[in-house]
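These notes open a run of structures that come right after.
Below, subunit A partners subunit B and then partners subunit C, in two separate complexes.
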Partner chain A sequence: MPKVTRYDAPRVIDSGSIWILVAAPTIWAVHFLLSYWVAAVYCAKSGSGWLGGLTDPRWIIVGLGGLSIAAIVWLGMIAVRRYGGVFVVLEEITDSSEQGRERFIGHVALLLCALSAVAIVFTVIPGLVFDRC
Partner chain B sequence: MTHEIDLSQLPPPEPYDKARDEAQRARLLQAWAAPKGWRRISAVNNSHVGKWYLLTSFAFFTFAGLLALLIRAQLAVPENDLVSQSLFNQLFTLHGTAMMFLFAVPIFEAVAILILPEILGARDLPFPRLSAFGYWCFLIGGVFVCGSIFFGVAPDGGWFMYTPLSSDPAYSGLGTDIWLLGLSFIEVSSIAAAVELIVGVLKSRPPGMRLNLMPLYCWYVLVVAGMILFAFPPLIAGDLLLEMERAFGWAFFDPDRGGDPILWQHLFWIFGHPEVYIIFLPSIALIATMLPTFAGRPMVGHSWIVLSAVGVAFLSFGLWVHHMFTTGLPEISLSFFSAASEAVAVPTGIQIFCFIATMLVSKVRPSVPMLYAGGAMAIFVFGGLTGVMVALVPFDWQAHDSYFVVAHLHYTLIGGMLFPLFAGVTYWYPFVTEKRMSDRVGKWAFWLLFGGFNLAFLPMHWTGVMGMPRRVWTYDLSDGWAVLNMVSTVGAFIFATGFAVFAVNVLWPRRNHPRVARNIWGAGTMEWSGEVPGNPWGVRSIPYVHTRYPLWEQPDLLDQMDRGEWLLPDAEEGKREMIVTDILDARPLFVQRVGGPTFLTIGAGVSLGAVFILATFHLWAITLAFGAAFVAFTLWWLWTGTAQVPEAPEKYVGRGLTLPTYAQGNRAVGWWAVFITMTGDMTAFTGLVFSYFFYWTALPSFLPGAAKLPGVLPLLIGTLLMLAAWGMTVAARGVLAQGRRGVSMALLLGAVPVGALGLGAWCWAALAAGLDPTVTSFDAMVWILILWTGLHLSLNWVMHLYVAARIGAGICQPAYRADVINLTLFGHFVAVTVAVTFVLLALFPMLMGV
Partner chain C sequence: MRRGTSILFGVLFLTALGGCDGRHNWMAGAGEEAAAIGDLFLILMVGAAVIWSLVVGAAVYAHRRRAHPGLEREARLFVIWGGVVFPVLLIGALLVWGLFLLKGITADEGDLTVRVDGERWWWRVTYETPTGDVVTANEIRLPQGRTALFRLTADDVIHAFWVPALGGKMDMVPGRETTLALTPKKLGNWGGLCAEFCGGAHALMRFDAVVMAPDAFETWLAREAETAQVAADDPGFQVFLDEGCGACHTIRGTQAAGPVGPDLTHLAGREKLGAGLYEMTPEHMARWITDTHAMKPDIDMPPYPHLSGPRLDTLVDFLMRLE
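Moving on to the complex of A and B:
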């Protein structure tokens, strides 16, 4: 019987945190749903006086968009830190190390931040164009 | 305290010993062999279940294809009366339903169950019996739904079954019930597969396969299984509402009683649009997996493809209203969805560009799978571009419900899903059968399919623009659509011929053909590591993987695996075992024992199938009996097959590594399965919450006067009682850990009546307010929320009794208490359901000043 070494490796998502992969698209989703919801409620209820004080919903949508993009920029900065700086478009991060995994997640997270920001701009545009239901 | 395992520093293997190798192989074979003869149906090995799943899905595809040929034959000439109008309605409804629910989604599960464990270098997925259960559900539900056409009662309301046509039994007969209950049943198998695949990808990777080294296929599977959890449940919620209206007259979709038919469209398309991507992504994953093999180099832009998969998954949930552009929603709402529909083209395009880049920087070996992959991309890009067109609201208003949409959706689905799948079948055929398909026949099939497809569907763009609505039974010569329709019909039959040629190529008996060489295509991914002839155990020993393309980049890996030099080379206890690793870096955590062949899953599947089928015919007494049988089979299965106390707390797995043989809490795969299932369950509940707010937004007087509201006091008392029951469950977990078994059992058993009293208080509140679900949508909404909570509590009670019995039997012990931990996790989700329901029933109406 060979010498037995016991390893203990209870690691779940807490220590390396892949939350950052879903964070940026989640911000897009929240912004999208809020925009839809604000517009839908405004269009349905503005006549009934329930939302009497609410001005044009477009500025709410644009404001939410600005906040969301600010949050994504902040996430992007975390992603850049994890990724480790220099951005090479077609970089392949294949090192078999914790650092390699961390850099890879950072890379993908950074790309997702960019995509989510673009998608939020897409949502804001109709908010700017339409001033009626 | 965590301790780094440096897998690259493991001690060397023991010197090779032929006698030991043979003895180990014999023990592995005994543990993993599938039963012979008729008992083969009790097999649960992924290689068996995956193959059945695949063949069954293709059988439904063939059936739905034949229906399509009948449709095309009817439309070939004007004023045709080949089939009756009623049969025609059934034909197109069943064609769409079967293609979507019985082929496109299940085939993803089939392929993943078949190849995912091998790509992960694993022996099997963590819940083989769950896969088998899912398969039997799928088979029974599919046969039931498809068989209905032979009795002339097939669903005929279109594959998206719009209300109020479908909600009023006077307009739509038994077919709609068959559709609703049959498909709800099949959704069970999809969610079962999603649980299996998510846990598989996250926890069953080979040691060392960190997230950055995980193959693209696994990323896609993870993303798509996650999408299923968020897409299917809203439809289950919708099915529940619709069936309650049809069977018991509850007022959800009837405008006269405060219902709204548009709600169904929302719930259906919140499912329906992500579903398109649930179909598309796994097929494109097949191309992403085989392309590097033929390019002879790693995929260009690996991270970009991961971005693309995750990005598409999210954005696809913001598209659903583009199916509803003509329902009169405010234009600003439509434009959000139009914008998101345009935005989703960005990540979709990125992955296509990565594929093209990979082909450009390498010299692609010509091969039949690549021929299909090329055809797929050409067709899909075309369909994607017409998708960008119909994503524009003004264009959609013109093209809506015309043949232009029929053309568009077939270009995306056949290009994005069917052709990649044919490429995959050709590519992995040797992996499954150890034989090779005929290249010559394969090329013939391809050109017939490709040519026939374009001949059939390209003209439909014009037919649509010329004004032909979809789903019409026949048309007049003066409409001017006759020539184009005839061309489409000819194309459809050529396409069908192509499929027949392809099917013959697949099914041709090749007993006398020589076996293929190992790793016949020279691929880099692990599924080609299997020995030829193959063995039922998957991999001889579970290797340390530290590259993206191990077969290319880890020389000598195959020999090391074959010699049993890596982990778990033996099955000393005669049990089926696999190694569970951690999510981020795939460090080995523990040895998981998985279930072997069993008839219990078949029993559970058949009973559940009977429940759904009998409910269709409103045979409530027998339905209840089969429901009890289902519970009994499931409990028996759980009792004998899950969370077993191991004979020793840890075991040596080779290379100086000793791992625990039991896990609980968030290390255990069972905990993750509960967590994932309940996430899906929460999504269904969110569908109900969405319905509540939808009514509130859309209907001026959804909330009734104060007299008609359920009383706040009984609601509050009920809520507190149910939360107290939850607290008792949590306490039972704590005291069991301290070793006080009796107190723990008492708390579990006591939680049942406390929760029941709480539910009773809610029911009393609704009854006292005189709420009748058949009168208004508010009453129906209150009762459905109480019913939903009640169903979950009942399930919770059964589980309480089960866990108390396990503690009594000494299986659930202070040191091995996975059962009670998982029960508590379920309880957390139920508690959230109770709290949210209280907000909706009591607090929100108060807040709105009622």
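Moving on to the complex of A and C:
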């Protein structure tokens, strides 16, 4: 059995794989969960001192938002480079071919990236407005 | 038949509109916070009506017109701008506006601070003053035009503090403190209530929110801070002590210092009995003592059915003098 090297091992997110479709909404969900955790831990601990007062949780939530959006941008680049995804709305992607299907997945992945990015911004906004528990 | 149905719905609608009036009316605009929420509601309602009309109008138009395949590009652009870009911007703007509105309502500063502790099923109210805390219950008096900061807690289960005409509402959670700012604009006796189901007598957990002119409020608060004037040999007070009322209730200035039930130091100065339920009259007071659970089921206070005649009258007379 040939040895699988690091270079030819199958990538989870690569042309032909549909995992790219769930990646961006998953980042959105994880960011949402982490935002709640950060706020809950900050509010629970701010009274006892070890975390509260050291770091304003707003900047943690903004940082998390920035990291999440950076990850989504990276996914969008993969969708464009490896899937040939295009962010178009004026043409239909209906080729009944292997390449057409891949372009379709890339296209949907890009739309989901945009949706997830907007959702993450909407999650960050309350963190910017409210500066306490 | 159709006409009859229309008339019936019309009558029901007008009857339902009657519920929009009165001391619990959140559209009365009696407080700045309620007025801000009212503005938000109005703009959302009108905006939603306009958008709904446009969408349904477009659907009807599309249904009646013949298809124009040559207009596909325009149609796609219309869907993108009208169905994606516009809603995202609009919802984003409404989110920011609503958040700043909420931030104002949950401010942590005010001209005066009132702590309210939700109990089953009444309200322990404490005014913070430079000379110390002033404790009362089941009635909250507020000065017109000044922002009152409410620091809310609960003793047993989750309650929610709501004076619809003034603003709110805000949860009261055991183990943590929430805040709510209210700035009354209109004088009057506005209704307050618990807005989170909290057990048996939840629907009977009410209070009066009395908005007074600032001078009258200061006079009231100074009076409320005073201890009760009770003679040691007052026969009504003797009945109060003999029946063990002092184990649960406090009358400041006497040996009655029970922490369980509402503070009774100025009981008769309140407009209502039983947490915003009954007019403060001797008849209601007598019935409250002897037939408590018929007037408010499930509460901790036991009824005293054995009290009657002159002994009951003496006790009621004493309580009605606690002004």
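One rule holds for everything that comes next: the second predicted complex is superposed on the first by the 108 of 133 C-alpha atoms of A that agree within 3 Å, B and C clash if a C-alpha of one lies under 4 Å from a C-alpha of the other, contacts with A are read in each partner's own complex, and residues count from 1 in each chain.
Criterion: a contact is a pair of C-beta atoms (placed from the backbone, for glycine too) under 8 Å apart; a residue touches a chain by one contact, two chains touch by 3 or more.
As the structure is a prediction and not an experimental result, all values here were calculated from the model.
Of the two partner chains, subunit B is the only one that A:R101 touches; subunit C does not reach it. Shared-chain residue A:A119: touches subunit B; no touch with subunit C. By the touch criterion defined above, A:A40 lies against subunit B but remains apart from subunit C after alignment on the C-alpha atoms of chain A. For subunit A, the partner touching the most residues, choosing from subunit B and subunit C, is B. Within the superposed three-chain model, A:A29 lies in touch with subunit B and out of touch with subunit C [touch as defined at top]. Contact with subunit B, but none with subunit C, is seen for A:I93 once the two complexes are overlaid on the shared chain. Of the two partner chains placed by the overlay, subunit B and subunit C both lie in contact with A:V129.
Note: residues 90, 118, 122, 125-126, 129-130, 132 of subunit A belong to the subunit B contact set and to the subunit C contact set alike, using the contact criterion stated above. Interface of subunit A with subunit B (complex): residues 1-13, 15-16, 18, 21-22, 25-26, 28-29, 32, 35-36, 39-41, 43-45, 48, 57, 90-96, 98, 100-101, 103-105, 107-108, 111-112, 115-116, 118-119, 122-123, 125-127, 129-130, 132-133. Every residue of subunit B that touches subunit A in the complex is listed here, in rising order: 1-5, 8, 11, 14, 208, 210-213, 298, 300-304, 306-307, 310-311, 313-315, 317-318, 329-333, 335-340, 342-343, 346-347, 357, 546-548, 582-585, 587-589, 650, 652, 656-659, 666-667, 697-698, 700. Against subunit A, the residues of subunit C that register as touching in their complex are 73, 76-77, 80, 88, 91-92, 95-96, 99-100, 103, 108. Within the complex, the subunit A residues that touch subunit C are 89-90, 118, 121-122, 125-126, 129-130, 132.
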